[in-house]
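Chains: A, B, C and D, in written order; residue numbering restarts at 1 for each.
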Amino acid sequence: MQPGALGVEAGATAVRTPGRPALARGDLVQTLGPSAVLVVLVVVFGLASPQFRSMNNLHSMVDAAAVLAVVTVGITFVLLLGCIDLSATGVMAACSLTTSLLVANTRNALDLGVWGVVVTVLLGGVFGLLNGVISVRLKVPSFMATLGVSAIGIGVATVMFAGVQPGLVDPWVSGWATQRWFGFTQLAYLALGCIIIGWFVQRHTRLGRTAMAIGGAEDVLILSGVRVGPYKVAAFTVAGCCYGLAAAMATSQLGAGLVQAGGGYTFASITAAIVGGTLLSGGRGGVLHSMVGVLIVSVLANGLVLIGVSPYVQRGFQGLIVVIAVGGAAWPLRRRLVVVK
Amino acid sequence: MTDDSFPVLEVTDLRKAYPGVIALDGVSLSVRPHEVIGLAGENGAGKSTLLKALVGLVRPDAGTIAVRGRQVRIKGVADAAGHGIGMVFQEQSLVPNITAAENIVLGFEGAGVRRGIYRWKTLRQLAQVQLDKIGSRVDPMARTETLTFAERQMVEIAKVLAIEERTSTEPVILLDEPTSVLEPEEVETLFAQIQRLREHASVIFVSHRLEEVMRISDRVYVLRGGRVAGEVDPATADIAHLHELMIGTADSGNHYHDDLHSGAVAERTPRLVISGLTGEGFKDVSVSVGAGEIVGVAGVTGSGREALCRALFGAGIVTSGTVTVDGHRIDLSSPRAAVAAGIGYVPSERKVEGMVAALSVGRNVMLARTDLITHGPLIDRRREASLVDFWIERLHIRTPSRSTSIGQLSGGNQQKVVVARWLVGDDVKVLLLDHPTRGLDVGAKSEVYRLMRTLAATGVATVLLADSLDESIAMSDRVVVMYDGRVVADIPAPPGAKPAPVDIVREMV
Amino acid sequence: MSQLSTTPAIPDLAPPADPAPRRRFRVQRSTLSGLAPLVAVLALGGALTVANPRFIDPRSLSALADSAAPLAMLAIGATVVVLCGGIDLSIGALASLSSVLLAMWIPTLGSAAIPAVVATAAAAGLLQGVLHVVFRIPSFVVTLGGMTIFSAIALVISDAGTVPVTDTSVTKWAFDRIGDYIPTSVILVLVVVTLVTVVLRVTPVGTWIAAIGYTEPAARLAGLPVYPVKVAAFTLSGTTAGLAAVLLVARTYAGNPTMADSLLLPAVAAIVVGGTAITGGHGGLWRTMAGAIIVTMLRVGLSVVGVPSAYESILYGVLVIGAVAMTIDRSKVGVIK
Amino acid sequence: MIIKTHRGTRLSLVAVLAAAALGLTACSSDSSPADEASPAAGGETTAAAETTAACDPADVVLIGQVRNETNPYEASWLDGGDAFAAQVGLSQQRLTYDGESTKQQEQIRQVLASGDAACTVLNVLPNNDSDTTPIVEAAQEAGAWVITQWNKPADLKVADYDHWVAHITYDGVEAGRMTGEALFEAMGGSGNIIALQGVLDAAAAKDRFTGLEGALADNPGITLLDQQTANFTRADALTVTRTLLTEYGDQIGGIWTANDDMALGALQALEAAGLLGQIPVTGMDAVPEALQAIADGNMTATISADGMWQGAIGLAMGYCVATGELNVADIATRAFFAEQTLVTADNADAFITPTLNSSDFECANVFNRIAAPLP
């Protein structure tokens, strides 16, 4: 908090608050747009492919989306701050190995069961804490801080891997991916629980609201005597915990601790969040928005395979959808003097 | 009240030096309970530093702060509030994307949050209490950015008033330029509230509008160069006296430089002609501004004058109508086109829209007109230097060098740099001035007025969105009044025959 | 001057006493942070040399420079985009696509394939820039989309396979040494850097970019060509991605649809490690060059001096963060996100 | 305040770098080529010109390079390398390039430049076919001894390079056919299968699939429902299989995969679908987990590609040449298919604990496991 900065900062807030009509419209598109896109996709694929309509497919789609959903819940908190978190891949790698080594496995005699998972989640939290402290205390841009932490996570995972794959034998954890209630695996319910808690925290707790406000106007909070640092760190930590849980879930799916367990989740989750209307600039969207995004991404991935689009083209499609979704949301505001970076 | 003699807040010999600057040079003042203290002084006189020290945003080098006789070291805004000192900052300080209620209780949710979990009902009630004080019907649960500017002002005031609940003891409330962005009627509401507040609180009121300071305060401290230049009793002293204390010399009296007025403008050839202009925020506006004429546009916020002003510079949204400068039609699609047509714009949000704080004075001066200093694509640094130095000298911009970054200058000098940007070409035809004197002190204001007159004399057509009605009337040859996006009155205001403010206010509301 | 100098000069009146600026203070700080990237390079180089004395052997250094060249080239354009306050995540995928195109076109176009590919890459960058400014889509999103789309195209046209270069003579020059030690690729990079730097210095563009990066609204209200400048930045970014592809193809004698994907994050790292503010405005190309060397030393140097791969990755993370913490100029970067 | 944080970070940074320096020296002491090699350096660089430069066995630098240590097969490869290095009283420098072609080549050029090339032996697993060319070019130019395995463009001939000691691979076509046959047999000779391909750019992946197609041609009773790539990875295999299971449901009678990681991924998908053990699955490379699965009866068959042996034999060949015990010119076949065997429930146990027979690595025997010369 250097006094010098405050003066300059304060000036910004007034222009950050344009008049009502414009925003209301932009807001509407922001919230409803993604849902509309989702509906359209479902209808299109539903018509195009009979398998897509099958109950079976719904199950496998939800199962596939479960892990991504949990990761995205986590990253949403960071995005709300206006920061970014690229550490999911690395953190999940380390956490995946941790789970597989702590619960009953083929490498060692440990069998901590539930506690193994708890420790995993906590470890994720520690990595998140590291992200937060580095970016807040050392003032390293979150982009680099989290990138570095991701590398650290992968390194830690590699050390734990030590050349021999720890296979998962713990019936409880491996059960997540196999035991089904009403057709859905336990993973789906785990994810659902995580989403509900995440939504509650983001919507109704000081942590969530403050994170939102920081994304809106950090300087104002400082002037109003709110110490933003701790909240930022907390948000990163929450994200870390989610990655931890997601890693445990992924491990259960893969049946072994893998360093690659988190591969691809970083960009997938960011994509999902953005598509859902949680903006990178911070202070917009939220857990529910992001979840719509997760569904869009999952439906897209699943549907494209079912209608037989080549896996390479699939990625391109996803990119296209992201651009269109965000472009559509920005359209009503395009004439205004809003700064878009 | 017997305890009145005993100060609730006592500042003794407060000192604060930044490298190269002495901001506070031994300031001492005291505030008694239920007292409204005015604080006057030019920019750089140390007012804001003093206030920031009182809320712990600045650590004083020396001196003491005593609250109710107990000497305290204030560690930060929250800590200050704990001691019953609360502050409202100059610019609007609301978080756009959370509810009005949250903004009002921001940082002090109290019963609104239990174990980190929000209790929206309680929160709403807490906020409603504050809004009721000012009889505002703003919905506490509305997201702040969806409110209109005026509504947000109300929320802002409510946020201030919330301070009184934040402390068991009677609070001291610091108001830093609370009126600078308020409209007349809002100012009245605020003053009414201050009067009510003083029943159980003390207030320090800072404003550049000296008449306001004199009106509301029991005592006025005048700061100059980090020292208390004098203490004034509004009952006995007058504004002229304040000026004297602030600037050190008697006020010329001719604040608005009528002497430089370029004479009758009636028969001047129209330079800027707006006909049937309709766009977002304004409808069917037709106004013409003659060469050398200064036209003030009056109107409450939401009257559409800001929108019109931005639209004229290609930064707004125009649906129909035309604008011509010297008969040539202007393309209003982008500021770039406007600049090419010889239109200059001085935005009200200097720090965000007017200047690039991190760049040097020189770069800021030449920003819009690099064409003047380039041969083909190449910059001629020597030409740039001479041109910049010429304008620094011409406008008396106080800066150590043209390579100093503009962010380090005082507000007045920053504003002069922004104006200079449009003058370097010697070919600006139309100047759009949006609150050109906002946040400037008397001296700086006077210089800006002088500049406006001089430019008018050279034939520049000026559109002025004045900071105050007085300013508008005094500076303009005509005052156009806008209401709800339309021009509702066009009142001539030639030198010597100025209309009375009331006539204009009547049209405004 | 003519008009105003003839008008009566504004009479002098006592200007307000405003605080003398805190100049000395600033200068010290900025010079200090200005040297930081170099300090980081030396420190790291020193550490590696301690680990393996042969690291400073000229052959080794020239190999290092050679390895750094494609990365540095990739980062040049991206740096300018970052200076404008944006970011370009597509450079890696675009370079991969370009490598495939180059390999496919050489048989028909011969050496003309190189300009053709670079032009194509530039066009791709241009397209992204236009999308960004016209549709107001954040650059992060546009280029994220671009990334996936480009790599999809690359995978499809190459059938997800490597395209060998039939006539290596076309690209040979880009992977050669002058006087045994000076890689031609490095010279190419330096030429481009100098070119861009000079343009930024001697034309107003440099100031425009800074203004846009620091305070875009002010830049726009000063009537600056904000959109053209941004689009140009993205175009440059595409161009350098294309050139980087040429360097890569010259090394591998083939084009590959995923060849440069893994260079994206190192390239961004190089920019930030160099001390360029990811929020825009503050920074410079030479900083990025220093960053590229640092990152290359971490990517290649660590494993070569015998750090076990697991710890290599950890060390990479720690050192990258450390380097940024050291090089970032907090006095210039207002809010850090 | 600002200044303080500044100095703070500077200090911590210095600390970090110091730590780095220490760490580096510490690490390098166990496996740095420099320390042992430097004295000989001056003379050797000139000697590098000749095709056979006899190095003092103590000066030989053994380097094994694979994608990463995070998959069991490549980890065992490096372990094999260590084992051989220990056998000749040296230590192997482990290099991993995270599957980044550029990084792999940068690493190789860097070791060649900063080490004593003439006595350096590289046992390399190229990331893609295309990467083999620049690697051998670099080795040839520097005068180092390189052995490549698995991937190489067909038109690139070992014989054209006198510093490219050998290229070892397994007959992917044969392997694909063998596992295919085994799969069909388990299915009872008729039904539908799905196939998971490897990284399409890798020759191994292509050959293995060609082998499967061959087997399909011979078995009209079997039809290929669909084939997708899962990039040799377990995670991709899981998702792909999951989707294909939805798409084809119970039509699927068997799953053929191009390596064990993907096979294990498929097994996970089957388990999630409650089909574990009901649908036969085949893989390749014989990683421990897969062997276990075969022993448990959840998986049908795999092909033994002896990772430990590959990691050791490459270094052994290079060592023999570098020390002058073998002369490249005298070696008959330098590009060959190594022997491979089909692993099923019957012989799985024998492979679960791989062991190295040190006699395989005496210079006389290093070329003994040739199944057939490369076409």
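Just so we're on the same page, contacts are C-beta pairs under 8 Å (C-beta built on N, C-alpha and C of every residue); 3 or more make two chains touch, one makes a residue touch a chain.
Remember, it's a predicted structure, so these values are computed and weren't measured experimentally.
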| item | value |
| --- | --- |
| Selected pair, greater C-beta contact count between C-D and A-B | C-D |
| Far-end chain from chain C, centres as C-alpha averages | B |
| Distance between chain centroids, defined by C-alpha means - chain A, chain B (Å) | 42 |
| Centre distance in Å when chain A and chain D are each reduced to the mean of their C-alpha atoms | 34 |
| Where chain B and chain D are represented by their mean Cα positions, the distance between them in whole Å | 70 |
| Multi-partner residues of chain D (each touching 2 or more other chains) | 2, 5, 9, 12, 68-69, 229 |
| Set of chain C residues in contact with two or more other chains | 160, 217, 220, 309-311, 315, 318, 325, 330 |
| Of all residues in chain B, the ones touching two or more other chains | 315, 349, 352-353, 357 |
| Chain pairs in mutual contact under the definition given at the outset | A-B, A-C, A-D, B-C, C-D |
| List of chain C residues in touch with chain B within their complex | 1-4, 7-10, 12-26, 202-204, 207-208, 210-211, 214-215, 217-225, 281-282, 332 |
| Chain B-facing residues of chain A, complex | 1, 3, 6-8, 10-20, 23-24, 27, 204-207, 209, 212-213, 215-217, 220-227, 283-284, 335-337 |
| List of chain C residues in touch with chain A within their complex | 85-87, 131-132, 134-142, 144-149, 151-153, 155-156, 160, 216-217, 220, 265, 268-269, 272-273, 278-280, 309-318, 320-321, 324-325, 328, 330, 334-337 |
| Sites on chain A touched by chain C in the complex | 5, 8-9, 15, 81-84, 86, 90, 134-135, 138-145, 147-156, 158-159, 218-219, 267, 270-271, 274, 279-282, 310, 312-320, 322-323, 326-327, 330-331, 333-334, 337-341 |
| Interface residues, chain D side, partner chain C - complex | 2, 5-6, 9-10, 12-14, 16-17, 20-21, 23-25, 27-28, 30-34, 38, 68-69, 93-96, 98-103, 105-107, 109-115, 128-131, 133-134, 137, 153, 200-201, 229 |
